[in-house]
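Below, chain A partners chain B and then partners chain C, in two separate complexes.
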Partner chain A sequence: MTTAARPAGRQRRGSSLAPSWQKGYLLASPALIAMIAILIYPLGYSFVMSFYRWDLASPSQYFVGLSNYRDTFNSLGFQQTLRVQLIFSFVTIAIEVVAGIGVAVLVNSKLRGLKLARTLLLVPPMIAPAVVGLNFRWLFNGQYGLVNAILRYLGLPEAPWLSDPNWALASVMIADIWQNTPLLVLLFLAGLQSLPQEPIEAAQVDGASPWGIFWHITLPLLRPVIMIVLMLRIIDTFRTFDVIWLMTQGGPGGATNLVTVNAYLLAFQSASFGHASAVSYIALFLSLIFLALLYGVPWMRRRLRRTS
Partner chain B sequence: MTASATASPVRRRRGRPAMRDGITAGLVIRYLVLIGTVLLTVFPLIWLVLTSLRSSADIFAVPVRVLPESVTFNQYVAVFSQYGLDNYLWNTVIVSVATVVLVILCAVPCAYAMARFNLPGAKVVVSILLIMRMIPVVALAIPLFAVFASIGLLDTLTALVLAHTASKLPVAIWLLMGFIQDLPKEIEESAQMDGASTLRIIVQIVSPLIAPGIGATAVITFLFTWNDLLLALTLSSSEAAQTLPVGLTNFVSQFGIDWGAMSAAGVMMVIPTLIFVWFAQGLLVKGLVTGAVRG
Partner chain C sequence: MSIRLTRRGFLGGSAAVIGGSTLAAPYIAQAQNADEIRALLITGGPLYPKYWEKVVADFTAKTGIKVKYDLLEFTPLTTKIVTLGAARSPLYDVFSTHTAQIDSFFNYFGPLNEYFTADELKDFYQVGVDYLVDPKTKNLAAIPRNMDARTQYYRSDVYAEHGLKAAVTWEDLVAVSQKLTGNGYYGLVVPGQGDPAQRTFSDYLWQAGGDWVDDQGKPAFNAAPGIEALTFYRDLIQKWKVVPPDAVSYQWNENSTQFSSGAVMDTFDWPGAFATLANPETSKVVGKWSTAPYVRNKTAISCAISHAMALNSMSKRKPPAVEFIKYTVSPEAQLLNFNEYSNFPSRLSVAKQVVSEATGAKAEWLAQLEQTIATGKEWPKLPGFSRVCTLMFSTIERALSNQQTPEEALNQAAAEALQIMTQAGAYN
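On to the complex of A and B.
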C-alpha cells in the first residue's frame, strides 16, 4: 500500500491533480460495487448456468456441457426464432436507415417549422415501447382497427394484420420502424450539420447535380454516423422485447418470436432457465457477430487495398 | 464561434442561388417530406388520444368514426376506479425517481474518477461499461429473478430499484465521463491548490459545470426506467411492485381487452415523456447524440 502510494505522492508535485488511485477507486466504488453485485455477478451466473441443467421445477442442477446450446440450435422453435430475428433485424434496420438518411438529407435546410418537427420527432423514440405495442395492436385490430377501416374506405382488401403469421411479422416491424426511424432522422440531421460545408459548396459551384452531391460527397462524409447508427440498431434489434410482447407475445405460431421473446418464454413459461440463459447468450453472440462483420469487413477491405 | 459566425453568411449567399436554380420544385418536395414525416409520426399518437376520449360503444362502431361521437373522460375515470391504475402509477413513480437519484449519486463520482484519475484498469472498466450496453436485458432478467428469489426480494420495489440502478449505471457513467472530459482541468487544479477536498471539488465545482450533462443523464435514466417492461415483468408478480407497463399487459390478460381504458392508461404513461420532450428537448438530444456518437 505505502509503496503504491508513494509514486502518486511524487506525482502530486508534478501534476497538481494528485491522481492517487486508491482515492479514485474509493470514489468509483459505489457504482462499481452496484454493477458487480447486480449486473456482472448475475450475468456471470447465468452464463455458467447456461451449461447446466437448471429448472425452476426441480432443485437439482447439474453440468450438461454444451447440451443447452445444442438443444437450442436443434429445436424447430429456435430455428424459426433465428429466421424471424434475422428478417426482423435486416428489414427494419434497412428501412430505418434508408428512410432516416433520406428524410434527414431532404429536410436539412432552412425550412419553416423544422424546429417544431424535430421536437415532435423526438416523441416516438422516447415513449414506452409497451405503449407503442398496444397502440399498434389497436390500429391493426382486424374489425375495429383504423388501418383496416382506411383500407375498406379506399376499396382495398383488408389485411389479417395480427392474425396471420406473415402479416404479424410485418405488423411488428411497422411498429418498430415507426418508433425508431425518427431517432435516426435526428441523429443523421446532427451528423449532417457537423459535416464540413466546403466540399458540398465546391461541388455546387462546379454545377454538380443534387443527386451526385448526395451520392459522392454527403454519403461518404456521413459514413461514420451511419456506422454508429447501424451499430446501435443491431444491438437494439437483438434486445427488442416490449413492442412484441404487447402486440403478439411472439405469436401467432411463433411468427414474431424474436430471440429475447423466445428466452423469456423459455424461462418464465417453460421454467427452463438453463435453456433460456443459453438463448439469451446466443442473442448476445449474434449481435457481436454482426458488429464484427460491420467493422471487420471494411477494415479487411482497406487492408487488402493497401497491400495490393 | 467567430469562425462559424463569419462562415454562415457566406454559406447562405452561396446556397441561395443554387436553390433558386433548382426552382421551387425542390423546396416543395422538401416541405412535403417534412409534413409527411411529421404526420406519420404524430398520427398514431393522436389516434391513441382520440380512442381514450371515446365511449366504449363509440370504440366498437362500424364503420370506424374518425372523430369521437362525443368526448368523454369516462375511460380515465375507469382506469382508476376499475383497474386501480393509481397503484401502478405510484409504483412507477417511486421506482423511476429512486433509480434516478441512486444512478446520479453513484455515477457522478465514478465518472469523475474514471475521467480524471489515471486509474489502473480504468480502460478495462470502460470497455466493460460498453459491453454492458450490448447485453440483452433478458440475459440479465433471468438470473436476477433467481438471485432476488433466493434472497426474498422478488416482487418488491427495492428489487426493481436495484435492478434498474445497476442496469442504467453503465450508460450514465459513460455519458457523464464525456461531459467531465470536456471541462478544462485548470479550475479543479486551482481549487485543489486552495485545499479543497476531492469530494468538495466534485460537489461544488464539477457538478454545477456539468449540470447539463447531469440533467441529460437524469432525464434519459428516468425515461428508460419509466418505460421499462421486461425487468418489471420479470421481477414483480403482484400489485405490490407492478409498474405501469406491466399494468398495460394486465389489461390484456385479466379483463379481455378494454381498448378505451387501455388507451387512457397509455396516454397517461406517455405524459411524462411529452413533458420532458417539450421542456428538456435540448438535454435529451444532447444526451442521445453524445451517447450515440461516443458509443
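On to the complex of A and C.
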C-alpha cells in the first residue's frame, strides 16, 4: 500500500516497485532485452575488439593496445577515406540544408500545385537506400545510362560518371542529395509553419524587404531546427553505406570510400575485425567531435558574451 | 498471488534471459537429426541451383544423409563465411569456398588430410591442391571441386569479317582491339574493380615475368614487371581506349555481360562462360564466338585456381559432412558439373575422360584450358596476404583511373603490404 502511495519517480534501492512501475518494466523488457542484445552488447564488444589483433586468419586474438588505431591513421588508404568522408559530409550537408531551406520557403508560400509538390517530396525519403543506389548506378552507367543518353541526345559531351574519381564522388553525392533533401524540406517546412508570425508581420508593416525578413527574422528563428537537421545529417553521413556500396563499392581507387565502406572492406574482405572496429570507432569519435563543435561553439560564444 | 518485482530483480532477470539465450542459441541452431547436415553452397546464374538440387538428391538417395543447404553468390558467400568464422559458428557443416580467399579461413576450416589418402589426392590437379594447403600447418583446408582458369573468348564472326586472328601476345591484343573499337563497340573488355582487378593484374604480372613476393616472401610486385603489367592494364583503358571506360567499375558479371550482349569483341573468361555463351537464354552471341589461349607476353602464365569444398572445424557431424564433401568432388558429380555447366573437373582422371570424349571447338577449348592449368599459378597464401589483397584492390583501381601512376601506386602498396605481412607474422 505504502509503495503504491509513493510518488512515482524515486524508489529506494532493493525495495519492491510500485505496480504501475512493475507493469512498465515488464512491458518495456522485450524491447530492452532486444536493445541490449543487438545494440549495446555488440557495441561494447566491437570496442573491445578494436584493441585486439582480431584477424580471422590468425589462430588467436591478442591485445595490441592502440596499435589498430595507429595502423589505421598511418594507412594511406584511410587518409584518403578521411578526406573523401569530410568532402562528402561537408558538400552534401551544405547543399541539402541550403536547398532544403530554399524549397521549404517556396513550398510554404501560397502558390498553385504546391500540395502535390509536398506529397511528391515524401517519395525519395520513402525509397530504400539500396534501391536508390541501384537506380543511380543505372542512371549513371557510362554506356547505357539515361543521363548520358540525354547528354548524347542534346549533343553534349558524355560524362564518366562512375569511372572517373571526381565524377564518381559527385555521382554518389547527387544520389545522397536527391534522397535526403526532401526530408530536410519537410523538417524546415514544419519549422517555418511553427514560427511566430508577429515579428514577420511587424517587419512587413515597417517596410522590410522579403529578403531582409528572411535573412534577419526567419532564418534566426529557424536556427533550432537547422541545428537539429545538421545534427541528424552529420550522424547520417558518417553512417552512409548502402548507396555508396551499390553504386561504386568505394571505387574507383577509393575515390568514394567512406569510413563505413572502409570498415566493411576490412572486416569482410580482409577478415581483419580489429582494424575494422578501430575504423568504426574513429568514425564515431569524428561525428561526436563535429556534434560537439556544432553545439559547443555557439554555447561558448553565448558564455563569452555573458561574461563580457 | 502477487509478484514482488524490484529494479535489481528486473535487471538481473533480463541479464539472465540474455545470457541464457546467447548460450542456448548455438545449440538451438544445431538441433537437428544426426543424419542431417547443413551446407552453405555457392551459386551464380540460373543453372547452379539445379546442379546442387541434383547433387544433393543423388547423395541423399545413395547415403540416406539429408543435406539442408543455402545458396549464395561468390561475394556474399565469402562475407557470410567470414562472419560465421569470426563467431566460430557450427551452424553449417560444409562450405563452398575458393582458392582466392582460402587463407582467411585456414583457422576455421577443418583439415581434410585425414579424410583423403595421398593416392586419392594424386588424382587432383596438383596446382589445385597446393594452394588450398595452409603453408604453416600443412593442413589441407579444402578440396578442389572444379578448376578455374581463363581462356580467350572472341567474336569469330567479326574477326573473320575483318580478316583478323585471335591475339596471341599483348601487342596483338592492342592491335586487334584497336581495329575493332568504334561505333559504340569495343575491341576488348577487362574488369577493373575489386578482386577481379587484382586477378587481372596478377595475370599480367606473371606474364611480364614478375611475381607477388620474392624468395623471402617480401612484396616484389612493385618491381619492373609489376610496373610494366599495371601500365599495360591501365593503357588498355586510358591510352588505347579499347576497353569501355566504365571498366574500372566492372567486376566479373559486368565483364561477362559486355561480351555476351555483343557490345565487345574479346574477353578472358572462366570455364562456365563456355556454357553460358552457348545458351540463347543467357547470350546474344550464340554460335558467333570461338576460344583461344590467354594472351602472353614474356610468359604465358595466368591463374589456375579452384572452387573447393571445406569442412567446418566446429562441425558436430564431421563424418556425414566429409561424406558429402567426398561426393561433391566424386567423378560422378564432376562429370555432371562439366556436362551441364562446362565447369572443368579438378580430378585428372575425369579431366582426361572429358578431353578424350570432346570433339571440334570443345576439344580445342579444353586443350587451351589444360595448357593454362599446366602453367598456372596463384598469389601466395602468406599470413597477412588477405589484407594485402584488399589493399591491392584500391591500388590497382587508383592506377587504372589515373589517380596515381602505376609506379607510385605499387610502391605505396608494397610498403604498406610489407608492414601488414610483418605484423601478421609472415616472417617469424
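Here, the second predicted complex is superposed on the first by the 281 of 308 C-alpha atoms of A that agree within 3 Å, B and C clash if a C-alpha of one lies under 4 Å from a C-alpha of the other, contacts with A are read in each partner's own complex, and residues count from 1 in each chain.
Operating definition for what follows: contacts are C-beta pairs under 8 Å (C-beta built on N, C-alpha and C of every residue); 3 or more make two chains touch, one makes a residue touch a chain.
Since the structure is predicted, the reported quantities are computational estimates derived from the model, not experimental observations.
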item	value
Touched partner set for A:252, first chain B, second chain C, both or neither	second
Touching partner for A:299 - first (chain B), second (chain C), both, neither	neither
Which of chain B and chain C A:272 touches, first, second, both or neither	second
Chain B versus chain C as contact partner of A:77, first or second or both or neither	second
Touched partner set for A:142, first chain B, second chain C, both or neither	second
First, second, both or neither for A:25, with chain B first and chain C second	both
Broader residue contact with chain A after superposition on the shared chain, chain B or chain C	B
Which superposed partner A:38 touches (first chain B, second chain C, both, neither)	first
First (chain B), second (chain C), both or neither touched by A:63	neither
Touching partner for A:164 - first (chain B), second (chain C), both, neither	second
Interface residues of chain A shared between complexes with chain B and chain C	16-17, 25, 32, 37, 41, 141, 143, 267-268, 273
Chain A residues within the chain B interface of the complex	16-21, 23-25, 27-28, 30-32, 34-35, 37-43, 45-46, 49, 102-103, 106-107, 109, 111, 113-114, 117-131, 134-136, 138-139, 141, 143-146, 149, 152-153, 178, 182-183, 185-187, 190, 197, 201, 204-205, 210, 225, 228-229, 231-232, 235, 238-239, 241-242, 245-246, 259-260, 263-264, 267-268, 273, 276-277, 280-281, 283-284, 287-288, 291
Contacting residues of chain A [partner chain C, same complex]	11, 13-17, 22, 25-26, 29, 32-33, 36-37, 41, 53-59, 71, 75-77, 141-143, 160, 162-165, 168, 248-255, 257, 265-273, 275
Touching residues (chain side chain B, partner chain A) in the complex	7, 11, 14-15, 18-19, 22, 26, 29-31, 33-34, 37-38, 40-42, 44-45, 47-48, 51, 59-64, 102, 105-107, 109-110, 112-114, 116-120, 125, 128, 132-147, 162-163, 165-167, 169-170, 173, 185, 188-189, 192-193, 198-199, 202, 223, 226-227, 229-230, 233-234, 244-245, 248-249, 251-252, 259, 262-263, 266, 269-270, 273-274, 276-278, 281, 284-285, 288-289, 292-293, 295
Touching residues (chain side chain C, partner chain A) in the complex	3-8, 10, 14, 17-18, 21-22, 78-79, 82-83, 85-86, 103-108, 184, 192-194, 244-249, 263, 383-384, 386-387, 389-391, 393-401, 403-404, 412, 416, 419, 423-425
